[in-house]
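Look at the two complexes coming up: subunit A is in both, with subunit B in one and subunit C in the other.
What follows is the complex of A and B.
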């Protein structure tokens, strides 16, 4: 292999080679497919553009994404807000940790039937399910992050009598943020699962609802196009998350890199 | 690093206090679950008192249905986890040991990984209905990536000097994998298994709730729609206990398998305190 930095062209070629090959294989292998469950990729893509560039998008994609965003953001804020005091107090942590570990260990999809009891089948249920499922990784990672704050820095902050808000904003939050982001990342995929499951279980709209409808009516190309939409949403959310993380945690990654280099 | 006996005693009593505090937390949580419905803050129709749930749990545990559901869930979880771990290790070592393969597959892995495995639910239902294979598709798709990514990190972490040494001593491919790559990648693999074990349980229960495959999740959905609210909460608690056992078990396995590893030895010697 050439030791020199590969040219941009070559890098792009390496990046795209396998995906292109895979899609091409799918395209040609399925071209004259008579199999009912695996229609030709061409049919799927035609359905896709017909279906998801129309009212389908606003009818089913938007409600899903709204519920997901509300639930996920609320879980993130709550998790950080509760996690910081719990992480800062040793006694509080000792008392609450087993309870929190238990709540975290409950597989979140079981909350779908539970919360239906409380809130019925509306939007509140779906947003609440996402909040309940996503909060624990954020909370527990915030606790761990606050607990592992640099002790020398904590002493300095204390002896300079930095005021509570400044201490929170300039010391605790940035210090714990790498761990908080670990929690937020874990929650992202859980939130997505819950969004879909709650819509499959009981809903009037949403991507999960649409997918189940297609599957039950044996609308196979439509179903495949729905699977692709979910995949695109998953990839898109993870890209947005990564950009956000790079923006907020840029200082941290730079620090780590310079530490490793020295 | 021989600590004086008083120090050891102090540490033991400190640990007892932490234990007691945790126990108090759990007792407080149970008491809260008892008081909130009894005081009428939340209707007991939606959240029965804790004692009622415990009685319902006892009743369920006397039925054969409970144990079949439990073993169905555990079976799907275990089979799915084993498949993903084996596949993740084999694929990870194969891709990870070749620079070219790693570069070629990177973008594809990054694309496939964030696709939520629940997207495959309709396909799984069409192909397998509510049989165990449906659950396995979801479980394996979700946990395979956790293992694969960690193994890739691990293989990449191999000390170049060790690799070159092994090569110049004429170690064959298998010997290199066994004595150079495997010990380096093992801590990463254990992290991957720990993450995959938790994810696999989530997806096993998801499939039971969403597509009615046999297991605890289906019991929860059935008891909810049948109005047996206390029994539903009993199953939720059981699901949570299984989750705790899976987490603790994975951590214990990690400690045991890696007892030789510096990170664990440091920990057990109490050097972090």
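What follows is the complex of A and C.
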């Protein structure tokens, strides 16, 4: 028999062992629960399937995901677009650094009331809050990535007279991409948090909005099921992110592996 | 071998001083020499002789403090299109995110030649360095010697008039090094390209070169311009065991020893 097959089973078993144990504990510990705030897991799951496989999904999950996607992607693009020139120019860094440090220190949720004034209660406000929170890890990591570009490769680029666009596309962007992805990964969870928070403030739909509604109307199983939905979305997004990263950074993981081997 | 009448490359009274706020370092004091078209000239010197500084000035990557570099009658103020450089650190001079094919192709993209001709240049260059069947591999999947072959192929495909090599074989093992030295001789004779080869290895400079320029310690001057009167057909086994090879090697070695002691040619 192939030795890889049992080891794959083992890996999956190890990966799932703790989650299964935790769910089982929750299930049995809460089975006879009379506590209003901690209903049995069975009840929560029944509510879950009733609620989130119905119109709830389109009513609340889709708007949330749309806001998240727009905000997150805009933050990623902006962070890279600003980070590359800042990383490449010391003068620009010196000028921008104090401002960037200040803006980064502002907690994004406090902007929600401010942004409501300018952009209203709509999707623009929520996307902007997500952009404002997600941009910093991408921006700062892009700057660090551009600054750390290999000097020898930079000389190769110069000596072969590589044109500015090719220099950007074939040298700067891929050279900084491992760091850029580090920033994008950090931003992913920040974006999810801000998506929910912005919807809790002022919204007429979205998962955050639904959670607050359930909590205020004491629809406790529904509230718990909403939290589970958020967890599942988080896992799903992280899996998509990892697949994308493995595709783009395949060369980087191979390079690292070959360096470790030698 | 007689120096060609029209110099391909001229270095005139080159001087390079590194200065920052706290101190100034004179790396190159006064270096002048010419390289004729189709010549293979080696520059040898002790470590810390400013060899890399000199090469970067010639490549247009570093501005000299005074003096000038003239390539085919044109002063060099930026990397000239007729020049290609092979760097010492093969592990850092290839793009790890590109395949071997794309690494060789990249510098050709802005040349005004059609796509078919480009592919032909890449194919021929990889064949010329005895690399076939690795086009789709990434550089880090290859051995050090093979990576340096890719870097040489990239330079060859660029069709330079002058090929600059900065201690290209310093980081590979002895056997690979011998193979790569022979490869350089073969490419030079076949492509009739002018080669300027920087090394700290005396044997390598004698084996490869038609002329060897011996450099002093920094601040650098040229100690001697040694003509290598060995036969054009060179093989690792025979050439290196010739009496004349030993004499030249000994002569250059003694010059380098003098250089290390701080001795300068009297003309300075």
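A few notes on this one:
The rule is simple: the second predicted complex is superposed on the first by the 251 of 262 C-alpha atoms of A that agree within 3 Å, B and C clash if a C-alpha of one lies under 4 Å from a C-alpha of the other, contacts with A are read in each partner's own complex, and residues count from 1 in each chain.
Here is the rule we go by: a residue touches a chain if its C-beta (ideal position, glycine included) is under 8 Å from a C-beta of that chain, and two chains touch if they have at least 3 such contacts.
What you are looking at is a predicted structure, and each value in this text was computed from that prediction instead of being measured.
Of the two partner chains, subunit C is the only one touched by A:174; subunit B is not. When the shared chain is aligned, subunit C comes close enough to touch A:251, but subunit B does not.
Within the superposed three-chain model, A:161 lies in touch with subunit C and out of touch with subunit B [touch as defined at top].
Contacts of A:227 after superposition: subunit B is touched, whereas subunit C is not reached. Residue contacts after overlaying the shared chain place A:150 against subunit C, while subunit B stays out of touching range.
Judged by the touch definition given at the top, the superposed model places A:109 against subunit B, while subunit C stays out of reach. Across the complex, subunit A meets subunit C through its residues 150, 152-153, 155-156, 158-163, 166, 170-171, 174-175, 177, 251-252, 254-255, 258-259.
Remark: subunit C residues 56, 59-61, 79, 81, 83-85, 87, 89, 92-93, 95-98, 106-107, 109-110, 138, 140-141, 154, 158 touch subunit A in the complex. Per the touch definition, subunit B reaches subunit A in the complex via residues 17-18, 21-26, 28-29, 45-46, 99-100, 103-108, 111, 113-123, 125-127, 198, 201-206, 209-210, 216-217, 220-221, 224-225, 229, 232-233, 235-236, 239-244, 246-247. Per the touch definition, subunit A reaches subunit B in the complex via residues 1, 14-19, 22, 37, 91, 94-99, 101-110, 112-114, 116-118, 189-190, 192-193, 196-197, 200-201, 208, 211-212, 214-215, 220, 223, 226-227, 230-231, 234-235, 237-238.
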